[in-house]
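In what comes next, chain A is part of two complexes: it sits with chain B in the first one and with chain C in the second one.
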Partner chain A sequence: MAALHHAKAGFKGFMRKAWSPFAATPALGWLLSALAAVLLEKWLGLALAHALGLPKIPMLFGFIIALKKPFLIPGTLAFVFIIYLLPMALVARFSAPLANRASRALLKAPLAVSALVHLALLYAALHVWAEVSDYRDITLRLTMIAVMLTLSLNVINGYMGEFSCSHPGFMALGAYAASVFTVGLFASDRLFGAALLPPQLAPFLFPLALALGGLVASLGALLIAVPSFRTRGDYLAIISLAFTFIVKSLIENLEWVGGPRGLSSQPDLASLPMVFAVCALCVWVINNFVTSILGKATNAVRDDETAAEAMSINTRRTKMAAFMFSAFWAGVAGGLFAHVLRYVNPATFGIQKLAEVLAMVYFGGLNSVLGSVVGAVGISILGEALRPLEIFKWILIPLLLILVMIFRPTGLIAFREFNLRRVLSPKEPPQGRS
Partner chain B sequence: MTHFLQNLVNALQWGSFYALIALGYSMVYGILMLFNFAHGDIFMVGAYIGFGMASLLLALVAWGGLALPSWLILVLTILVSMFLTAIVGVIVERVAYRPLRDAPRASAAITGLMVGIILETGNLALLGASRVRFPSLIQSVTFDFGGVYVTNKKIMIVAVSISLMIALHQFVKRSKWGMAMRAMAYDYVVVPLMGVPLNTIAALTFGLGSALAAAAGILFSVAYPVLDPYMGIVFGWKAFVAAILGGRGSVLGATLAGFLLGFIEIFVAMVFPSTLRDLIAYSIILVILVFRPHGFFGEPYSARLRL
Partner chain C sequence: MALLTVENMTHSFGGLTAVRNYDLSISPGQIVGLIGPNGAGKTTIFNLITGIYAPDQGRVVLNGEDITGLRPHEIASRGLGRTFQDLRLWRHMTVLEHVMLARYSRLDYGMWGAFWGTPRRWRQEAAAEKKARELIAMLGLSHLADQVVINLPYGAQRRVEMARALALEPKVLFLDEPTVGMTPEELDQIIAIIKRVHRELGLAIFIIEHRLKFVMELCQRLQCLVFGEVIARGTPEEIQNDPKVIEAYLGEEKVA
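Presenting the complex of A and B:
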């Protein structure tokens, strides 16, 4: 046991030493280095891949190719090292002084300016990365939608402490409402007839369609919020589960939206910049919500409803607001989802979707915005990376989740918030501490 | 009238599957205050073990090693599968729930869901995606009671389910182990201090619940002999709804609510188009829960709930 402890400490020390060149790199520097890596991949990737004997650029950092064709592993490793690791390390290390100076200058302006610059850099890196193939593009968009869904579920399951099974239902409402709006107005379709408005208007009205989807979902949330005044826990879980089944069954019976066959021919509006913008907005708004007074009130309701009531918190209003807010974002995510796939059918929004979103929330961590992002991205990437294992993927991922639950019952990064100012601020090199 | 009676018979059969599965949820809930979300998949495992057992016995008979009448094969299949599935349930408890005894309940719910997915996928990996056909062990005989047709299978299914429920009731009420289970359900923090082994009782509860689910699985396969790895999902979640509707932890409530759910589903399909079945059934449940938030026999929300 002592030896193990020693080894652990040694490992930690080694990691710290290996990390020390990067201790002074701020977030800006990391974004720059990521941008450099993806640009390098864009210009040299294909040539290098051919030189290393790979048929094409490894799509997901080499995971897929390594699992499919094990004899290509050395080439894949070399590719990942030359394209990603080496340039990232170099840029992160040597741009650090410059990046620190830039972050300091940016922080003098309002925080929003600095945040927008960081977001723009992040988007640039993702855009260049996704440009390489359609597969990356769609994976990235679906991952960002998963982030939104996970965050919105975390508002209920993490911050308010209820076990909500209703998110597939909210998502379905949002997906269908937004799809009916766009298909009805901008597509010549079998169900809704000819397009009513010229398609040039579509990108401008698309946010409206998403908001409509969100609003319909939050109206649906009233069905769960009102019973939640009287009951909690398991009974509320069942009410929300029944809600999901009801929504799914209702859509299956509505012939004018296609019934069980689903609804297709949504215009191609959910492009990468659109999804990215909505996702960033969602993270920002939810982060503000959970740090606001209302967000703290949901925490109080979770920890002790009676005490919260005694502290003059209007528990009913809090519950209603949390449910409607969470449903709104689930609905928006659903609207995006429908427009990314450009096809929805009610069977998508069943138990399977529920298990997926719950897994993301509990893997990443309850009561944490950062945790939700990590959980959604982690499970999405893992799901894609393990795709070559086919069916055994669905044994490995649940096993991993069981282990996470056993060793960290509330998820990887639970009950921890990130401070935007600290993330964006420059990092001073550690002085005299190392 | 005959139409109504005919549907009543069907609803009894349908409800007995739900009731048998709901009992497993409810018993586990009564003791550990958590829902075993893998229970629907244990129902599936039970059906598949039954399929394996029945095929094995039939093969033995066909090769002339044994001369068993087919009803005896069915009885043996049910008993052996109940036993084997109980072992599966105990293993699930040991692997997925015992390490999380002190964790938040939602975490245990997630492990349960994940165990369910592993069971489904494991089955898929082992046996492939094609559906299997449960061998027909009893000849179907139809009796005509003044226009109401009842097959001997239906009678057998309802009779076996009800006798299993009565047996469970007797076990919980009369035996020493049953008394320990009831005590544990009353207070699972203090009762272990009196020398009642919590882990043994928990394992016993999971075993009993799984055995009942296996019986439901085989009875279901007798009536609807096509098995697939995902058959447990729909049944599991619906029985879960029934268990809640009956009042968590209430064995009687789970039984009645299971039958009620069967009745609602069959009669909705009788009156309305069958595509509306889920919509109306769940709306009824939603309304019941809004007006009676603790189910039929459950206690009101109390400080006992740990989260």
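Presenting the complex of A and C:
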């Protein structure tokens, strides 16, 4: 045991030392370094890959290629080092003073300006990275949808401390409502007949379709909330699980949306910028909610409902509002999901989807916006990276989850408030000379 | 006119009558104590008045308004703050968050304001924070404001609970055994704080308490409850010398 502790301390010390050159790099610097790496890959990636004996650019930082063809591991490692690690380290280290100055200047304007600049840089980096292949593009979009789902489920399971299993159901409602809207209006389809509106209008009305999906999911949430929030306990878990199955079999039996065969020919509206924008909006709104007093009332309900009532908190309103809010974003995510795949069928929204989202929430961390982002991105990337292992993937990922549950029972980054201003701030004290 | 009156309140759990024909009247600025042996039904009376249980019979009137059967949060927002015997704090939250959350009923920016972070939300939350910090300072907790409550010593947790109840800006404050489990120093500290709160905020206070030193020093009027019925009421001196009280309650202590 003592040896383990010693090793742990030594590892921590080593990590701190290795990290010290980057201690002064602000968020802006990291975004710049990511942008530099993906631009380098765009211009030199293919040539370098061929020079290293790789058939093409490694799609997911070399994980997949390394698992599929082990003899290519040295080449893959070299590629990742030359394209990502080295340039990122250099740019992050040497752009730090400049990035800090820029961060400080940006913070003089309203916080929104700074946030938008960071988002724009993040988008640019993701865009360039995703341009390399369709596989990356679709993985990235699905990952961002997973972020939305995880974060919205965290509002219930983390912030409010209830256990909801209805997210696949909400997602299905959102996916079908949004799909019926867009397919009915903009696509000539065997189920809904000819298009009613010219397709040029579609991108403008798409947010409306997503909102509709969200609202339908919220209505579904109301159906669950009314009976299950009268008391506390396991009722919500059971009722919400039943809800997921009810939605699934309901859709399977509705022939006018395609029944078990599913619904296809959604117009191609969920492009990368669209998904990115909606995802950013979702994270922003949910973060706003959970940091407000009205949102923190959910924490009070979780920690002691009697005390919350006695301190004038309307617990029923709090629970209902939080649940419907969470369902809304799950519905929006479902709408995006349907338009990314451009095909939905009811079987998608079953118990496996539920396990996936729950895993992301508990892996990333309860009661934490950042935790949800990390959980969703982590599990999504892991799921893709381990794809070549086929069936063993489903042994490895749960094993990892068990380890997380043993060593960090509330998840990797739990109970931490996400303070936008602190994230966007420069990383060193202002210089003496002005 | 009385600030809070309870008339003829009765409540039973199944076949057990926990409180029978209970009457209470508290004037503005008055401190009233409720004493009685364990299991007499004191906390049940608190729970009945604050709306956690709805009384089977009787009426509760606060400031001229009938509040019988309202939900606890409605009663709290009408000016009735309370603490709990078994410290009911929110274990993941900081001291400041506790006190700010009790300003809930004063916020009217709505869910929409919470989602979008409207200027109205920032204004109201800044006001709530200002008020909370004043109360935290008043109870001597300023240096602990950003600590998570479970890390605090017991006496400080008690004060957090009181600061939280005061953030409701109550007209009447209910304290359920505020000195339970306290060391003698903490006891003196809490007496000083209650006196200060009473003086500066002009509150009416209703206290459940076991320690006679405490009730004798603070309360102007006392009630003694045994098996759900008030057997004596009067000034502390009268209660102290009432033979029925001595028999039911103090007598045991003299033997022991």
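Rule of thumb we're sticking to: the second predicted complex is superposed on the first by the 424 of 434 C-alpha atoms of A that agree within 3 Å, B and C clash if a C-alpha of one lies under 4 Å from a C-alpha of the other, contacts with A are read in each partner's own complex, and residues count from 1 in each chain.
Definition applied: a contact is a pair of C-beta atoms (placed from the backbone, for glycine too) under 8 Å apart; a residue touches a chain by one contact, two chains touch by 3 or more.
Everything numeric in this text was worked out from a predicted model, so none of it was measured.
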Dominant contact partner of chain A by residue count, chain C or chain B: B
First, second, both or neither for A:N367, with chain B first and chain C second: second
Partner chain in contact with A:F289 - chain B first, chain C second, else both or neither: second
Partner chain in contact with A:S166 - chain B first, chain C second, else both or neither: neither
First (chain B), second (chain C), both or neither touched by A:T76: neither
Partner chain(s) touched by A:S264 [first = chain B, second = chain C, both, neither]: neither
First, second, both or neither for A:T143, with chain B first and chain C second: neither
Residues of chain A contacting chain B in one complex and chain C in the other: none
Contact footprint of chain A on chain B as seen in their complex: 29, 35, 95-96, 99-100, 103-104, 106-111, 113-115, 117-118, 120-122, 124-125, 233, 237, 240-241, 244-245, 248, 275-279, 282-283, 285-286, 289-290, 293-295, 301, 305, 307
Complex interface listing, chain A residues touching chain B: 157, 161, 163, 223, 226-227, 230-235, 237-239, 241-243, 245-246, 248-250, 252-253, 351, 355, 358-359, 362, 366, 391-392, 394-395, 398-399, 401-402, 405-406, 409-410
Contact footprint of chain C on chain A as seen in their complex: 285, 288-289, 292-297, 299-300, 302-304, 306-315, 321, 325, 367, 415
Chain A contact footprint on chain C (complex, rising order): 50-52, 71-73, 76-77, 81-82, 84, 88-93, 97, 100-105, 107, 109-111, 113-117, 121, 125, 128, 164-165, 167-168
